[in-house]
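Okay, so chain A shows up in both of these, paired with chain B first and chain C after.
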Partner chain A sequence: MSTGGRIAGMLLCQAGTERVAFAAHEVATIESPSTFGGDAGSARQAYDSGPAGAERILVAATGEAVGVDTLEIDAESLVVFPAPLLLGRIAGGSLRGFVQARGALWPLMSLVDFGRFLAPSSREAA
Partner chain B sequence: MASTETETRQSYLVFACGSSWYAVPAECAAEVVSFPELTRVPGAPGHLLGVFAHRGEVIPVVDMGVLVSGESEPTRRAVLVRLSRGTLALTASRVAGVSQVDGRLEPLGANGVHLHLRGPARSAQRDVAVIDPDGLFDHLSQGS
Partner chain C sequence: MSAPEGLKNLAVWTTQPSWLGSALGVVLALLYGRLTHAVPAGSGWLFFGLMVLVLAMNTALSGAQERHALRVLRALEEGRLPPAPDNLRRALQEVRRIPGRCFWFTLQGWFGGALLLAVTFTPLAEAPWTVGMRIGLMCLSLGPLAAMLVYLMVVRRSRRAAERIAAQGLSPQEVIAAIPPERLRLRRRLVMFTAVAVLSPSVFILDVSMTRTVSTFDQILETKDPKVQQEVVHRARRATGLPLGALAGLVVVLVLGTAYVAGTALAEPLRALSEDATRIAQGEVRTPRFIPAEDEVWAVSAAFTRMQAQLAQALVQLQRAGLQISSTTEQLVATSADQESGAGEQAISLNETRATTEELARSAQQIAVNAESVSAMAETTFGAAQSGQRSAAAFLAAMHRMKGDNQAIADAVVRLNKRVQQIGKVVEFINEIADKSDLLALNAELEGTKAGEPGRGFSLVAAEMRRLAENVLSSTLAIERLIDEIRDATQAAVMATEAGLKTTERGASLAAQVDSSLGLILELARQTSHAVRSISLATQQQQTGTDQLAAAMGDILRVTEENAEATQQMVAANTDLSALARDLKATVQRFRVANGEEA
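The block that comes next holds the complex of A and B.
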């Protein structure tokens, strides 16, 4: 869990109408649904925000993946707020904190843990 | 006699969400705020409306209507409850102010959130459910 401070290099993404952010260093590749060969859940699922389609798939070096609708790369140093203790178990414990960018808060997720949480196989098991 | 079964004459902040009145110990009630547009949190349960930044802290907002009765009560006001483990905001459609609460502090239910609501109690001729802040925090932490 983040302890606060600043972070540089973020992917600021939209999932439906909602915001979600990932640290750029966690993202090994960005793929399209047509080229991605693995299983990826969509971040929309975690918001119950419409169909689970995605335009881009963020893939971690270890293979976990998350689909998002849009993304922007932000190289600036951003303020990170620690995640409240109350939210420690949210989305399988994948919430790392919140970044302040573009005048709004963005939930900062671990790509690996959020990918596992959203993975079709784990959701079917649940 | 256990503390949960004793009568209370403490001071509480009394507030309503919808038609239900609640009382939270005054020493935990930091302030009443109008919160801005919230940031939703992926994977959050329905009673967790989102978060907002306030004085350098990210604060989760809990819809008391959804949490207690399953029915949302639209409002942009909340009571900030400050505990050593963090702050949470409980939605409030009306705030009556600080007053004493008379009654007993026995759990209003055997499980779920009602285990952390105590009574029967009254304040200014209203039936109120007295919130056990630490118990509620634990419940919300486990439920999310």
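The block that comes next holds the complex of A and C.
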């Protein structure tokens, strides 16, 4: 939940060597690739950090899903630093800002947008 | 078949003297009758006729007996029998017996004729019985004398006849064999001849003297006149002197002639023997001849003939032996000289041989010692081979057990691999469960986080559960890695076990080969041990034999040295023997052995 530049509940994920964070309230469920029935893009694809393949799939309430390698749930309320405009369009406009957690700066991505961006049909269209 | 030339009329010629002796006796008897006036006056022709008759009968009877006694000789003469040695021997035996038979034929004729004459004349002439007795007495005195004379004359002819028969093809040895000198009656015969030669004339003269004396005394007693008696005596002296002297002279001549003939018969063979003996003494040995004789003289003659034959044969052999001894002795001298030098060389060689033999004995002793060592080593090798074979057998059994154990290990590893795979599946199952648990815990934490503060505790529990699940996952991951390592190790173990199995099989095969080879080695070692024992035994025997050889060589050397000395002595002896052989040769050559034809 975001309250005036702050957000509580964060999913801190790793996609290869890259970090990515999602707001907990966007994630409807966490699936494993074996149990997930739909198509899900891998966050590695966005960073070109190795071949696709994820351990966990974050599924939004609208059905978009993003695969990550690992994830941690941080229930603390963190400050969301806004992203520069220059970066507003990258990743299909899914970058919402940055959060500082655990001594590092994490890009906060919209699961729905990022899921759409990484979806195979959208990528083919792009 | 023709008769042999030398036997013609031999039988008649041999017995011819019997007629002469008988005729001489008859003449003497007639002279006796004439002198003694034994035949009564007027019956002279009767007496003469009867005497001729008796004489004819005796002649016929004696002739028949003599022909019968010489029947084989007569058959040979007439060619009815071949002059074979057997027939010649029978004829010879007949001729040798004929003198004695003629003696008895003559005596038988005189006694038979006298008896017949006395028996027939006395009654026919009506003479007193004393006339017949005097006829018998006269025949008893003249018969043996005539028979002896016949014997002595026939015996000489029988000798000639025997020589002629023997000349037909009988050797002296065959003659001696045909007439063995068995009847040795010379003494008895001489006694009988002496008795006949003395007694017969004595009886004869006694009868004449007594008859004349009695007649003279009868005439003296018939008259008493001394003048007439003197006239009777004077007439008796005149009438008796000359006839009695003539009669006595005739008797003496007869006796002397008989003695002469007897001496000649006895001396002839002795003279021949003396001649042969003298010839032999002079060194001339002829082929022995047949010297016929009787009784002991015949024994001497036969023995002399055999001795002469043996002597001739011995001399021939002696001459031959002398020549051979001479040449052999010369060869012996030469050979002895060679042998003497050879004995020296032999002694030198034997010395070298003895040294070599002693060296050989030492070598044999060393060989025997080495052979014993080799035998001990062979025994040790045999024992080691036996031990090796037992070890190889044990090794082979161990290899078989190892193969079995490896096979068991391989089976166990396979089973372990299966179990590990099962464990992997279980771990995978656990991993799935843990992953699902992690996913569930993650979603639970997400929900707790989304719930805000109220879900905080739930998030903590979920986070804790998530850590547990992650621990399980990490553990299962570790287990999987361990399982992978175990699987790899198991696989390596399987491969190692298979390799071990193959190696064990190769080892077992090699162990079997080693066992077989050791068996062969054992057999060879046994044979070697046996052979070495045999060699050792043979070497010991060889050593013994070599020792004996060395001792024998020493003996041989000693004997050779003695032989060398003996050879030297033999050379000297052979030289002496050669001289003796020359002397013997010269001595034997003094005898000249001639055959019968040369003689």
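Structure notes:
Simple rule for what comes next: the second predicted complex is superposed on the first by the 122 of 126 C-alpha atoms of A that agree within 3 Å, B and C clash if a C-alpha of one lies under 4 Å from a C-alpha of the other, contacts with A are read in each partner's own complex, and residues count from 1 in each chain.
The rule we apply is simple: contacts are C-beta pairs under 8 Å (C-beta built on N, C-alpha and C of every residue); 3 or more make two chains touch, one makes a residue touch a chain.
Note that the structure is predicted; figures quoted are calculated from it, not measured.
The superposition on chain A brings chain B alongside chain C with room for both. In the superposed model, A:67 lies in contact with neither chain B nor chain C. Among chain B and chain C, the chain that touches a larger number of residues in chain A is B.
Within the superposed three-chain model, A:104 lies in touch with chain B and out of touch with chain C [touch as defined at top].
In the superposed model, A:30 lies in contact with chain C only, and not with chain B.
Look at A:82: by the touch rule set out above, it reaches chain B but stays clear of chain C. Once the two complexes are laid over each other on the shared chain, residue contacts for A:20 go to chain B alone; chain C is not touched.
By the touch criterion defined above, A:9 reaches chain C but does not reach chain B.
Within the superposed three-chain model, A:92 lies in touch with chain B and out of touch with chain C [touch as defined at top].
Legend: residue contacts after superposition of the two complexes on their common chain; A:41 is shown touching neither chain B nor chain C.
With chain A fitted onto itself, chain B and chain C come no nearer than 23 Å, counting C-alpha atoms only.
For the contact definition in use here, the chain B contact set and the chain C contact set of chain A share no residue. Of all residues in chain A, only 15, 18-20, 43, 46-47, 81-92, 94-95, 97-98, 100, 104-107, 109, 114, 117 touch chain B in the complex they form. The part of chain A that touches chain C in the complex is made up of residues 1, 8-9, 11, 24-25, 27, 29-32, 35, 56, 71, 73, 75. Every residue of chain C that touches chain A in the complex is listed here, in rising order: 435-436, 439, 442-443, 445-446, 448-450, 452, 456, 459, 463.
Partner chain A is touched in their complex by these residues of chain B: 39-44, 48, 51-53, 56-60, 85-88, 137, 140-142, 144.
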